């Protein structure tokens, strides 16, 4: 139970196309995170799954049954909203019971489910309060509780942690992960925060401008981003991108001229790149290391952020290319210093002129 | 009071909830048939049905009525006369003198209404602004004083008319007070001039609290630091009023004036009860003219009344459009600030 | 004592002296107090006076009633008079009868002894008291109880219908996307321009055609689809987040349930304000009921009172009392709910 299949989904609001050609298979029990910049259509996609909006084209199936024409109430899903959407005039208990009463469940069953959920979420003491009397974190728990009592086929969560302060967000994130493990129910989770996506997801769906850019596990996305957008979006701080030109083949890849004439070997499949092709190299700031003066790329330091455990260096190459490096430990650097940076070939990503990954092997 | 209301609501809750649940069944069936958005029609229906039958439809056929003659009430029974009713209303030898008009009563009503509107709105605006300025000062018990001026606003026009008829009658309180002070009592409501003045005064008495409240809201929206800045500059209070308060109050004041104009054009109830339009026709206003011609007089002429009401409606539409334009301009200004 | 009270009342902020504007402020406020409440209080005071007292000029400030005494040997209580005796002493005697200029009087303490007094030498013994008959008689002998019932019926029913239909329409106009929505909004907006007085003739004919002439429903129906109410409620409902509705839909609530269980409770403050306004409006309505109602049995208080004041010009004591009765609900609203209304008006500028 809990398999959701989207095929060929598109959605227009008037003349504006918000989603286009979405195909996705969410497996049973999986926690899938939709991530992307604001306006990418991730919340719209969630609302389509929920049944709150109808797709312009394509079909939605839950456990093999086509539910595209089925109204939200009859899809067996539960949703946690960004604003929590707790009914302000009802007590916590009434909030949780409302949906069950509408489904005409017997009273003892309703009470049992509320008791179970409130014990699990530690909100038993709050049952008779109104949402207005709760803190942000408590409201969040109630919103989740309201979803849990429904025993849904899948949970839909729309940026559920975005209204919490940073500290609470981290602890709620862990609780959500634990909850998912415990319930084993499918969860679809929308966020614009890629850290949340990385820490929670079984698989991440990266969306941009109404299209799916890549679907994979967090580490696969991190290690092998399918294109420049995904590479730039996943991982913090953002990946450094350097423009270059293919010079010729080398063992297992090509040699690329970048950085003012320097030649860098990168992995690439044979024949994927021809000499003279434009190429974009990507290196994560964490993968840059400091080396001796003549062994690497000389970079002039502009700004140093000493975080204690690591040192973030903002610099520029001689030709003005911006470079961000995160160096382990504490480095005694000052603005104006020139340092040399180096990176491993296997940690270098290459993208062709269309921004698509040129994979090694 | 609130407690009593709460308990009443508690008693009513069960049957009301039962009724609502009963309604839910057909509603759900409709929703399943038409989808979520189809329910919008259901929610709109009762209001729009009543609205259509009792507001919109009369509005449309009013034009038809104004082009028919005779005494029949049912529209299909009436004879078409074209613009004859309007011609009758609007033909005058000398427009400054109602006596020379074919429908002299109409022009008397127009002239009375015109004079009334000018004086009532002007005086009432001044009184409302002064009252609001005073209520905006730091006085003890401000909400009490605000309520004092608001009290007559809630009274029914009939009550207002009767109260003042009682006070202004021959043996009334006003004459008694004048008598005690050594003046000669006067029979106010049978004197053409004083009856008209009483109509203006009483309508101001009844409505000024409402307008004072709107002006007060406007005054309170003026940022306090402007006054503090003016005080730092050593500005004299009079100058503060003319150069800061009044210009910033102006948008609000325009709304008040147009609103008061719209109401003044329709003046009827309290004056009708106070003077009955008399003595003679000296306090007969447009709405009363329409009422008399269409309903009260022996020789009813619905077509003529309808034509007169359309002419009055035209004036009201113009005034309302001005009001909406002013409101929109204020809103635009508010957004820019 | 007076000094301290005076000091307290006259004390100025910051201890500065009195500016002319301060004097003007208090003159205006106290003048306003007298002018705004005075007439109504005078009405209430007058309504408790007997007809004879109402005819007095100049009138007394407070209502008085003649004192009476029960004297053995007489069935009815006798009116008491203060009598100046020939020997100069004053006594309080009850009058048995009057013959010409001589009154036969008796001392209640000594019922056997009859005293003859010139009527010039006696004045009625009065005390402050209320002629409550002014209030009870119109209800018993005239139709005022009926008028009162009619007014209550019109007010309550019209307000209930207004609340239900306006809130439903406002819900549709604030929470649904459908074709023609802006047309409907425009239509409603347009009718803000046409008050009832502009459509009297055709409305009257429609009411007659559908058989509602001389019916209280004919008074109620044209007034309930108020554009003001729809607008006010719509503005309020727009502030309710759409996510709440979505949550309810996920909770298997039907649209009607959403309206009933979610929207209505959350709109309660705006509904309360509209209810108060509607009660005052409908209670005070005059012109339209005057046209629709021509039979006495269906008169509302306002129409009944106006007709009564026209017919029985001399019976001011009843008119005054019934005016007070007509005023009572509105005064109750004023005393308990004034704050709701004033903030409502300041916020939206409606009346």
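Every chain is named by a letter (A, B and C) in the order it is written, and numbering of its residues begins at 1.
One rule holds for everything that comes next: a residue touches a chain if its C-beta (ideal position, glycine included) is under 8 Å from a C-beta of that chain, and two chains touch if they have at least 3 such contacts.
Note that the structure is a prediction, hence the values are computed from the model and not measured.
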item	value
Geometric centre: closest chain by C-alpha means	B
Chain pair, A-C or B-C, that carries the greater number of C-beta contacts	B-C
Euclidean distance of C-alpha centroids - subunit A vs subunit B, Å	60
Interchain centroid distance [CA atoms averaged], subunit A/subunit C, Å	66
Subunit B and subunit C: spacing of chain centres that average the CA atoms, whole Å	19
Numbers and ranges of subunit C residues touching at least 2 other chains	249, 257
Per-residue multi-chain contacts in subunit B, two or more chains	36
Subunit A, residues touching no fewer than two other chains	71
Contacting residues of subunit B [partner subunit C, same complex]	1-2, 20, 23-24, 27-28, 31, 36-37, 39-44, 46-48, 50-51, 53-59, 61-62, 65, 73-75, 130-131, 134, 137-140, 143, 145-159, 161-167, 171, 173, 175-176, 179-180, 205, 209-210, 213-214, 216-217, 237, 255, 259, 266, 268-269, 273, 276, 287, 290-291, 294-295, 302, 305-306, 309-310, 312-313, 316-317, 320-321
Interfacial residue positions of subunit C with respect to subunit B in the complex	9, 13, 21, 24-25, 28-29, 32-33, 35-37, 39-40, 42-43, 46, 55, 57-59, 161, 164-166, 168-169, 171-173, 176-178, 181, 184, 187-188, 191-195, 197-206, 208-209, 221-222, 224-225, 230, 249, 254-257, 259-260, 280, 283-284, 286-287, 290-291, 302, 305-306, 309-310, 316, 319-320, 323, 326-327, 330-334, 336-339, 341-342, 345-347, 349, 351
Subunit C - residues contacting subunit A, complex	241, 243-244, 246-253, 257, 261-262, 265-266
Complex interface listing, subunit A residues touching subunit C	47, 50, 52, 71-74, 77-79, 81-83, 85-89, 98-99, 102-103, 146, 150
